[in-house]
Every structure is written in structure tokens, then in C-alpha cells.
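Structures given as C-alpha cells follow.
One chain, chain A, appears in both complexes that follow, with chain B as partner in the first and chain C in the second.
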Partner chain A sequence: MLTPAPLNRKRLLNTRGWTFLIVLAAIAVGVPYLNATGALPDYAVSLIGKYLCFALLAIALDLLWGYCGILSLGHGAFFALGGYAMGMHLMREIGDRGVYANPDLPDFMVFLNWQELPWFWWGFDLFWFAAVMALFVPGLLAFVFGWFAFRSRVTGVYLSIITQAMTYALMLAFFRNEMGFGGNNGLTDFKDVLGFDLQSQDTRIGLMVLSTLAVALGFLICRAVVISKAGKVIVGIRDSESRMRFLGYRVEGYKLFVFVLSAMLAGLAGALYTPQVGIINPGEFSPANSIEIVIWVAIGGRGTLVGAAIGAVLIAAAKTLLTGLYPEAWLFVLGGIFVFVTIFMPRGVLGAWDSMIDEMWHTRGMDPRERRLAA
Partner chain B sequence: MSLLTLDGVTRSFDGFKAINGLSFAIEPGELRAVIGPNGAGKTTMMDIVTGKTRPDGGSVRFDGHDMTKTDEAGSARLGIGRKFQKPTVFETHTVEDNLVLSLKDDRSVFGTLFSKTDHAARVADLLALIRLEDRRLDFAADLSHGQKQWLEIGMLLAQDPKLLLVDEPAAGMTDEETERTATLLRDLAGDHAIVVVEHDMEFVRQLDCKVTVLHQGSVLAEGALDAVSANEKVIEVYLGR
Partner chain C sequence: MVRVFRSLVIIAGLFQMMMLGPSYGQTSDEGTLRAEMARLAGADFDGIADVVTSLASIGDPEAAPLLRALRGGDIYWRKSDRLVVRAEKIPGRLLRLFDPLTGETLEDVKKRTIKKVKVNNTLRRSIDTALGTLTLRSPDRATRLDAAGQVFRNRDPATLPALDAALVDEADAQIAGIMRDARAAILLNDATADPAETRSAIERMVARGDPAARNILAGLDTRDPTLAAAAQDGIAAIDRSLRLWGYAQNIWQGLSLGSVLLLAAIGLAITFGVMGVINMAHGELVMIGAYTTFAVQEVIRASAPGLFDMSLFIAAPLAFLVAGLVGICIERGVVRFLYGRPLETLLATWGVSLILQQAVRSIFGPNNREVGNPSFMSGAFELGGLTITWNRLWIILFALAVFVFLLFVMKRTMLGLQMRAVTQNRAMAANMGIRTGWVDAMTFGLGAGIAGLAGVALSQIDNVSPNLGQSYIVDSFMVVVFGGAGNLWGALAGAFTLGIANKFLEPFSGAVLAKVLVLIFIILFIQKRPRGLFALKGRAVEG
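For the complex of A and B:
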């Protein structure tokens, strides 16, 4: 009797996934080592930590855009909210060491003549509370936003535009001093976190290593979603939403799940970003920032997760280099890279790599379907 | 008791009555052809039955449920499968995954996230039925037009619906494919009730079933194809042109 062949079940970690995790581990171990030997300057450690936060943010957007087809042009908002939640805790940690030496109020509130801490700052003196809020607030915003948008079946470019409007509105709100988040200066002058001095190199190394762990965790969560049956549903929604509905799937629920998960991962990235760069301000909400995230993912390769991380690091590193040398040229270079990649590598850097490998299998007369099973 | 009953259903678009007092019934396992000129309201009728469009008035009952209160996903879960005129399969999924997504199973987010169901045997059966065994791991995008039609039919069968709504299946098919499709639909009737919307009279003849003629959103005539084709009113509005 013929037994049916086992079904196409993808593994959580394929060769690419393992490679990615090994590279992350190498960074977590190698960067502190190179820094200790003096081969890598101190500032480079935090810079790498920052790139890792961007990588996590890009992976989060890729889950939403690459797999579910929802192009968020406001993902920077979730990142910034996570960053603000952590920043608020770091402000409370300053205590009476601020310029005004007020033990109860952050400096900017004293400056504004505020007498007491606004209710929405309550609890942020506790690290765990801030950590929970860094995930909860972006998740809640995504939930409320997605609930209305997906139920009224707003899709495509209309959805993209309202996500952009969302981050723009938040930027304007956070710029206002009366909002109670430090106005256009944002939150800064942090001293320490959980008793560790933020200026010390050891703390910076610790934060960078934590960031590699966060990227690994974010990647594994997204990968687990993508290879599950829910992942197939999500891709089905991207390809043909109405067919998915007529098969009996409640599309709104899936979109909401992906949107909220993606927003929470973006919030986590933001929470790790703030202590490493030492400041969070309303500029993080700017529409241009959100568009840059989209460009990272497009360049790295949509729907690959790993590619999104690669795109984020490549472009962020290029930006650091170029803005140091020719600040005015950066936007033109970024635009140029984007156009080049869209025309010559429509599936991004990793997509181009995949096509090359497929081609090699073909020329060797092997069946690329075997490879697909492992992908 | 009828499986599907429409009673005095109306629906207007900007004052224009696309469906106007439409009433008819489908028995379990019945095969029915619905014909009518362009704009007669055939597609709108299907939209109403599947909960995609809400009627302004009248009642739609399917298997004991009020279909005016459900949505597309709800109608699918109650046992209505729908095939569109243009084949819609998931192009970037493999043939196998297209079927896996269609098989009866938990449709909730958490159900699918942690799904451990082994579909291998049922997928193998379906692949044999739609003659795509050797395309199991190919992307649906790489199939020919005819193969996509068959894959979509396989997906509908995977749902195991009580009622199948099929919109113009013969459009764009060769004579041979048309014949094969008619045979398939006749074979499937009995296990599933099937409503076929069609323009091609030759195809309707091959279906060899009761025919409902729609005109301006309501039933103009109903009965055997020969009787309906001889009906004066039908000749005037539809066949005579």
C-alpha cells in the first residue's frame, strides 16, 4: 500500500536561520572581545547596538508587510512609543541628580513649573512596569487602530496613508510641552538603569548583547508564526484576501494579530534603543523615519525576515558613514540605492541571492522544489 | 425542507433595484443552473447568499440559518463554497498548501498558529481527484489556466460544502474542458447542492438540470431547459436577442 509522502512542514531553523543566529552570537561575543583588545573603539559598540535595534524593527515590519501585505508607513510610531516608555523610566531613575535636584519631578517638568507628576508617569519608576509598557502601549495602539481599520476593510494605499497620518499626529503631539513628554527636547541626560551606569562601557556592552538576544528572539517568534498554518493564512491574505474570506477565515483577526505582534516587537526595539543612544525625542515619530524602515525591508528583501535585518544594518551603516562625510548627500544616495534595488533586485538583496542559488540548482539539473521544502 | 430559500429579497444600488423580490429554493443535493442576461443580478444574488452583500429586505435562509446576518467567512463556515469566474488560487503557495488551507479545520488565529493536524491523506486524495499529483510542490502561479480552475475546484471540495456556488465556470474553457467540467458538476451533485450561473447555453444543456431564468432582479421563469426556452417572455428578454 502506498503511504502518502509527509507534508511540506518547514523547520523553525533552516540553514539560513542557523546562519543568522550564529552571526548574532558572533556579534555578541566578538564585539566585546574586539573592544577589549582595542581593535574596536568604545563608541562602535553602542553604534552596533543601535543597528541591532533597527534590525529588530525591520524584522517586525517585514512580518507585517512582507508576509501579510500590510504596508505600514507609521511603524516608527510603535518604535518611538517603546523608546519613550523606557526613556520615562530612565528619567525617573535620575531622581534628584538632575540640574534642579528635584527628587519627585524630571527637570523639564520643574522648568514648566509643574507641581506634581502627571498620572501617566505613575509607575514608571519601576523598571518592570516600564518594560511592560514598552510592549503594551504600542500593542494597544496597534490593536485599537487595527480594530477600526481592518473591520471597515481599509486596505492598500489608504491604510498606508492613515498609518502615516497616525505617526505624524503623534509627532505633533509629542512636540508639545503640555503633553508632558519633554517637548521637542524629548527625554535625555539619563544616568543609570537597574543600578548600572549608562556611561560605563560595561553597561553599553551589556545593552548591545541584550540587543542581539532581542533580535534573535524577535526573529524566532516571527519565524515560528511564518512557518505555522497561520503563516500560510497570512500569506494567503496578502495574495487574495477575498478568497481567504470565502474559505471561512476571519481576515480581520489575522491582520490584527500580525499588526499587534509587529507593533510590540517594534516597541521592544525602541526600548533597547533609548538607553543606547541616550535620548528619545519626537523626531523618532517623523514620517521620514517610518519610510526609511520600509526602505530597509525593500532593500534587504521582503518576506525573508533575515533580509530585512540585513537591509536595516546595511543602510543604517551607510547612513552613519555618509552623514559623517557629506550630510547633504545622504537622502540622494538613499533614494539612488532604493531605485537601483527596485529596478535590478525587485526581491531585494536576499531575493537576488535566492534567485542565484535557484539558478545554480537548475544548471546542475536538480529540482529546485527540494530546496523549497527546506526554505 | 429546502437547503437554501430566498424569499422576497430586494437590494438596491443608488436607487437601482439590482435584486427585486427574488424568491427561489434549492433542495439538498440539487443541481441548478441560473441564467439571465448581463446585469440580471446573478452575481449580486450570490453575494447576498454568501453574506458579502446585505439585502434591503426579504429573507435568506440556509440550512436553518439567517444569511442576512452573516459575513463571507460565516457563510463558508456554515457550508457554502464559492467559485469565482476568474480562478482565484494562492499563487505564491504550493498546490499542496492551497489545499491544506481549504480543508475543514479550525479557522481561528490560535487554532492555526498551533495547528498539528496531519492533512497528508486527504491532500493525496484531492490531488488524485483533480489530477495534479505531480504538481504537489509547485507554486500555484506556475499552473496553466485550466489547472488553476481544477485546483480551485479541489479547494472547494476540500471545504466539503453543502452548497456550491459556481460563477460562469465555462468561461475561457475549451470545448473539451467544458464537457469535463459539466460531467464533474453532475457527479458532484447529490453529495453537494450546486448552483451554476452560466451564459453558455450549450453548457447548461450538458448540465441537464432545472433552470432558473433571472431578469431585472427577479425570477422570470423556472423549469426544464426546453420548457424555459419555449417560454415567450424568456425568448423576448434573453434568448431571442
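For the complex of A and C:
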């Protein structure tokens, strides 16, 4: 007999959430320690930092796709815009240490024979301004785009395709030299940030630790949204949008909120990514990149947040490993994962794990639904 | 001894000329040419210019090799007897001497025994003019055509007599037309020309109506106010017609781009529009079609080069079959399990696209592959102020033919009927005894086969590389979304609208920005009509 469990108020951090935070803390402490003892090579620290940025990006997309049902194929655009905002600040930090030693203009502008700084570069010599812009610009784009799209009820596949068109259009635009963002080459040759040398190992460790904090923060924010009352509405929209509308909810407002929040988190991930990788270029806008983010979430298990982070790290690590060892095989593997996961593991790694646990409980005589509700 | 030999050669040359009879065009005594040529020995620049002018006025095409060699700095004269010769370097620090007119080999000498006839830039220009007039009477049509164009460009009043003489004999209407244009251009360059003639020359230029004619009119230097006014009117008229031709060119290029988009998108209109399946591997099916063409051409090159012009006719059905089979495999192997889950289908087919891309890269290599144009698809022709390339024209026709074929299949065949039935109500169709699974596979295969056909066409105008499909996928989705899913006419209207819009934007904004603007336009357009231009109405909408 199944007692109708009350729609339980979920805790901000369940067992899985705590585990995730503890693992993050272990990375933040353990990686610098292992690096100091020499067990972990220097480059691995930056690599882990990069994966953490991807994890944050995946969590952001999971909030949107896993909980609100909006599949954005253009999330790479928000990530890249955040990255560009930070990259612009880092370019300004170079000052007169560039190849052309021009104190007022970045190298590529001198090369293009520009006389003065374009208006959209104003203010980026201030760190706080760039940091705000890294969140604000993706947020604004998401707001404008989402406002138009959700108001006219563009949904499902149509929305996915126009988000893809959005990132594609941005990629084409950023490839142009006249845009004033370094064209093909993007922004690179960064020297330091807030006075810390980007080439030094200490700065890199600092950025990596900062990334773990950002992932933790992003996770907590998303988790807070999900367990809130609004979170229930959002899940309701995912499962049946028209029903929520008939119940009297302003569906557009909720969707817009999630879309903007998710874009800003993606922008944050991009802002942390640029200084660790040392370059940002228009390739980040490519539709293929955005769709890869989706597969991170799909493989980890959408609607789990933690799973998204796991998926991002797994795939990114596999990519690093395989492109190094068997460059030919990587696309076969990635393509195979896409097909395999969508057909055989629709709930991702964490979903499969949950089913396994459910099975175990079931054999011990407890109803899986009851157990899940109790969690 | 040498001298005797030389005389013999000359006599032989003369004899040969007599035997061949009078050459085409004005006949002149070879002696006259030789006398002029002899004056080159030791002449200063003015003297050489004099020779060039008189050779031009004799107007015998036989003098052309001499003038060409003179321009190239290959004419020398022998110190011993002041004979004018053409010299070529040969191994052993020697120079081989030839007769400049007949090309007969004379002897090999050391460099210090001969002296160069030097030319400067002014001379080179007048030699070009002279050559232009000389070759006006060449027996070879292409040479005459070139020469007439050359005279038109140089506009040297000195060439007028030779031009008039050539015009009398010219039988080819096209060449005669260019010669008359050239005559008008020369008159407009000559301030002393008769006003009545100048007026008719202006009319001739207006009738010609291209940018070169406009420049000639703009450069007209005349004191006569009525002539100046006529020239101004002429320029205005030319500008008007040029603008119109410019629009026509834009529309033509837009149609051309539209036909490419149509080919790439029309298969998608079936899988996405009719079946509601997002096939991200569509671009890769196009690529497979292009590589099939490549493979067919390789086989033909290796085994039956004579069939090369037929290669596309062999490749098209093959590409349809290969791409269609791959499509059916994708449907049966992947898509079948994901009906009703469009977002998952999208991801899975994206995975398939990655696998196909890498497979082609592993088999054929990552570089661009060379696919040749058969002879009927190369070259171009002029239509008024338009330049129309054959391959673009054929691709437009091909795209329309594919469109009509598809329309026929959908509306007039059993398969089409069943497809539409399954699309509208799957359960009911199944109850009526339609094998829905088989229809799904066939529909997907048809869409994929059409993508293969698109690949055959694209191989003629684009690089055949593993990335071929990627560059069209976003565009073709835009066409389908813009035109309205589920409607072939929507795809047609969408493709041509986007193609033409793109080409009209390009002159103002540049190619890349035009594309960006079109994408932004579509994103805004979707706000207004979320289901595209030709939206399906009724129950099918909430599928």
C-alpha cells in the first residue's frame, strides 16, 4: 500500500549534494597539495580548472534543459560572451607590453590601423566592470532573445534551432575583423590579472580553486531554484507547458527567469575559462561546441545538476585523452556516445545508477517510488 | 658563304610565299617589310617609332612576329652586315639567330657579334597599338576578336585608317560590332573629329551601355555644348541601365544561391517537415552524395576517360541510392527508437553525423577532393549585361527538376499517399493496413536520397571535403523553419527568398554580415510566424 507522501519539501542539500560539495572541496585542497608534492604535473592543474568551467556550464544548461525542458543549442554563445568580456579586460591589462607597445590600443587594433578605442571597449580596463559585463552581456542577450521567443511561444525543436542560428550568427560576426574583437585570432597573449602573473603556477592554482568555488556556488544557486516553489512550477512547465498556462501561471516569466539565470552562469564559466586557457576565439561560438555541452548533460543525467557536472568532466577528460592518443577515433567515440546514451541511457549515468539502487531496494521489499519520494 | 646562304633563304622564303598565294588581308610586298625592318639596325627611339608606325600603316599581319619580338626585346642586329635578326639564348653562351619575319633559323653566334634594338615604355605602347591593328586582319577568328578589343581599349586615333580598312573586309558580325565600337571610341578620343560623326559615336556608346562605354563618354573632351549635353544624357542612360542590370545580376545570383539552398533543404523538408524528425546528419548525407560523385569520376578517369562528360548522369542515381541506403540504415538503426522524442532524435542524429564525418575523413582523407566539371557545365555566356555560368544555370534547373520530382512522388504515387496518411494519423493509417514502419524508412530514405542528389550538384561548385555538410546544415534548417515545416512549397519559397535577400544585402554589408542579418531576420520572423511562411493548419500542428 502506497501512502500518498506529501510533496515533500526537499532540503537544499541532500546526500548527493553534500557528496558533490565534499568532492569539490577535496579537489580545491587536494589538487594544489598533489601539485606541490610533484605527484600532479603543472599542466594538469590548468586542465582540471578548465574541466571545472565546463562543469559549471553543464550545470547551467541542466537547469534550463533538465528542469525547464528548454533545449538550448546556443549555450556556447553565452559561455563565449562571458569569456570575451574577461578576455577584453585581460587585453587591456597588457597595456604597453604588447608587440607594438601601444599603451592605448590592443595589438590587433594597432595592426588594423585603428586610431582609438571603440566605445564598446570603454571601461574594460576596470576589473569589476569586466566581471559585471561577463554576467550582464550574456544575461541581456538571453533576456532579449528569450523575451521574443517565449512571448511568441516558440518552443521545442524550433527554439533549439533558432538558438543554434543565434550562436552561428554570432560566430560569423565575431570572425570579422571589423567587429573589433580580434577577428579570427580572438584575444590572446594575456599577461596578468589583477597584478598576478597568468604564467605563474600560483595564479593557475588560484584560478583553479576559484573555479571550484564557482561550481559550488552555481550548484547551490541552481539547487535553490529547483527546490523553491518556482522550481516546482518550472518542472511543471517542462512536463506540460499548456497545463501550467491553464492553471494561471505566467509561463513566459518563469522560462525567461531560468533562461537568463542559466545564461549568466554560463557567462561566469566563460569568464573563468579564458584566463586559464589563455585564449578566447570565435571558434567557441561554433554550433558543434554548444551541442557538445548538451551531450555532457545528457550523459551525466539531465535534471540532476550533479550528473551534468560529472558528464562534463567525463567527456572533456575523454576528449583530452583520446585526441592525444588516437585523434582518428575521437569523433567515432563521441558520435557513438551520442547515439548510445540517447537510445540506451535516456536518464544518463546518474539515472542508470538510480535505477540500479532502486532495483536493489526493490529486491529488499521496498517500493522504489516510495523510496524516491522519501529522498 | 654565310651571305650566299642567307640570300638563298630569302629567295626560298619569297618562293614559298608566292606558292602559297596572297595571304589573308592586305597583300604587301615582302620587300617593303624587309626594307622597313632593315631600318631598325642602329636606329634611335624616334627611328624605331617611325618604323613601328609605318609597319602599322602597311597593315600586313606578316609583320606581327617582328613587332612581338621587338616588344619582348629579342630583336638584334648583326654588327658585320647590319642584318636585323631575332635571337634566342641557347646553352653554351651562344645566341641562335632567326629571321624575324619567317622564323627561319640562321646561325648560332657569340653575343658580342650582335647588338640589341632597345625599346622603352612609350615604344612598347605604340607597338601594342600597331600589333592591335595588324592582327585585325589575321585569318584566326580569336586573334581578330582579341585585336578588335585591344584597339577599343587603346583608342589611338592613329589606328583609325587600319581599323576602317579591316572593317570593310570583316565578315564576322560580332567582330565587326566590336570594331564599330572601337571606331566610335576612337572618334570620341579625337577632338578634331567631325561633330556629326562624334554624335553617332556617342549614340553607339550609349547602345553599348557597359562601364567601359561610360568611362569613354565621361572622358569626352569637346567644346561643342550640344555634344557635351548628349554625352551627359548618354552617361545617365548608361547608369540607369547598369543599375537595372545590377539588380538583374543580384536576382540571378540570388536564384543561384536559392537553388543550392533548396537542394540542401528540400530533403530536410521531408524528414523534418513531414516526419517531424530532426535529422542533424542531413548535411553528412549531402557530403556522401558529393563523395559518390568523386568516386564515380575517379573510376571513370581510370577506366573510361571518354565517358567523363557522362559522369554526373551516372553519379546522380548512384548518389541517390547510396545516400538513401545510409538514410534507411539511420532510420532503422537509430531514429526508429526515438519517435515522439524530437530532442533526443536531434542528439542521436548529431552523433551519427560525427561518425559519418570521421568515416569519410578516414577513408578519403581530410583534404579537399577534386571533382571535375563536365564540358557542358564549364564556361559562361553573356545575356545582355549578365554573365551566366553554365554550372549555375544547370544547378538551378536541376534543383527545380528535383523539386518537381518530389512533388510528384508526394502527390501522385502510392508511397506519397501512404506517407501523408502516416503523417496525419499514424494509428489510423496502421489500421488501414499501411506498414507504418516501412513507410517511415522509405520516407527517411527518400529525404536522404534527395540530400545525396544535392551533394552531386554541390560537388560542382563547392569544395568536396568532410566538412561540406556542416556548412549547409544551419542554412538548410533556416530555410525549412522560414518556409514552414511540412510544406514543399514553403521550402521553395523560403530558399529563393533567403537566397535573393542574401545577395541584395551583400553589396551594402559584405558577405558575412549579410548572412548574419538574414539569420537575425529569420529569428525575428519566427516571432511573428512561429510556424513559418506556409504553416500547416489544423490538428497536425500540435503533433
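Keep this in mind: the second predicted complex is superposed on the first by the 360 of 375 C-alpha atoms of A that agree within 3 Å, B and C clash if a C-alpha of one lies under 4 Å from a C-alpha of the other, contacts with A are read in each partner's own complex, and residues count from 1 in each chain.
The rule is short, and it goes like this: a contact is a pair of C-beta atoms (placed from the backbone, for glycine too) under 8 Å apart; a residue touches a chain by one contact, two chains touch by 3 or more.
Quick caveat, the model's predicted, so the values are computed rather than measured.
Under the clash rule set out above, the superposition-derived model of chain A with chain B and chain C shows the two partners fitting side by side.
Of the two partner chains, chain B is the only one touched by A:K229; chain C is not. Looking at the shared chain after the overlay, A:P41 reaches neither chain B nor chain C.
Taking chain A as the reference, the larger set of touched residues comes from C, when chain B and chain C are compared. Of the two partner chains placed by the overlay, neither chain B nor chain C lies in contact with A:G30. Look at A:L247: by the touch rule set out above, it reaches chain B but stays clear of chain C.
After overlaying the two complexes on the shared chain, residue contacts for A:G156 are found with chain C alone; chain B is out of touch. Looking at the shared chain after the overlay, A:T342 reaches chain C, while chain B stays out of its contact range.
Of the two partner chains placed around the shared chain by superposition, chain C is the only one that A:L71 touches, whereas chain B remains out of contact. Following the chain A superposition, chain B and chain C show a smallest Cα-Cα distance of 10 angstrom. Interface residues of chain A facing chain C in the complex, by the touch rule stated above, are 71, 145, 148-149, 151-154, 156-158, 160-162, 164-166, 168-169, 172-173, 175-176, 287-288, 291, 294-295, 298, 328, 330-332, 334-339, 341-343, 346.
Within the complex, the chain B residues that touch chain A are 50, 71-73, 75-77, 81-82, 84, 88-94, 96-97, 100-102, 107-109, 112-115, 117-121, 123-124, 137-138, 155, 159.
Chain A meets chain B in the complex at residues 4-8, 225, 228-230, 232-233, 235-236, 238-240, 242-251, 253-254, 257, 369, 372-373.
The touching residues of chain C, counted against chain A in their complex, run 278, 334, 337-338, 342-348, 350-355, 357-359, 361-362, 470, 474, 477-478, 481, 510, 512-513, 515-516, 519-520, 522-524, 526-528, 530.
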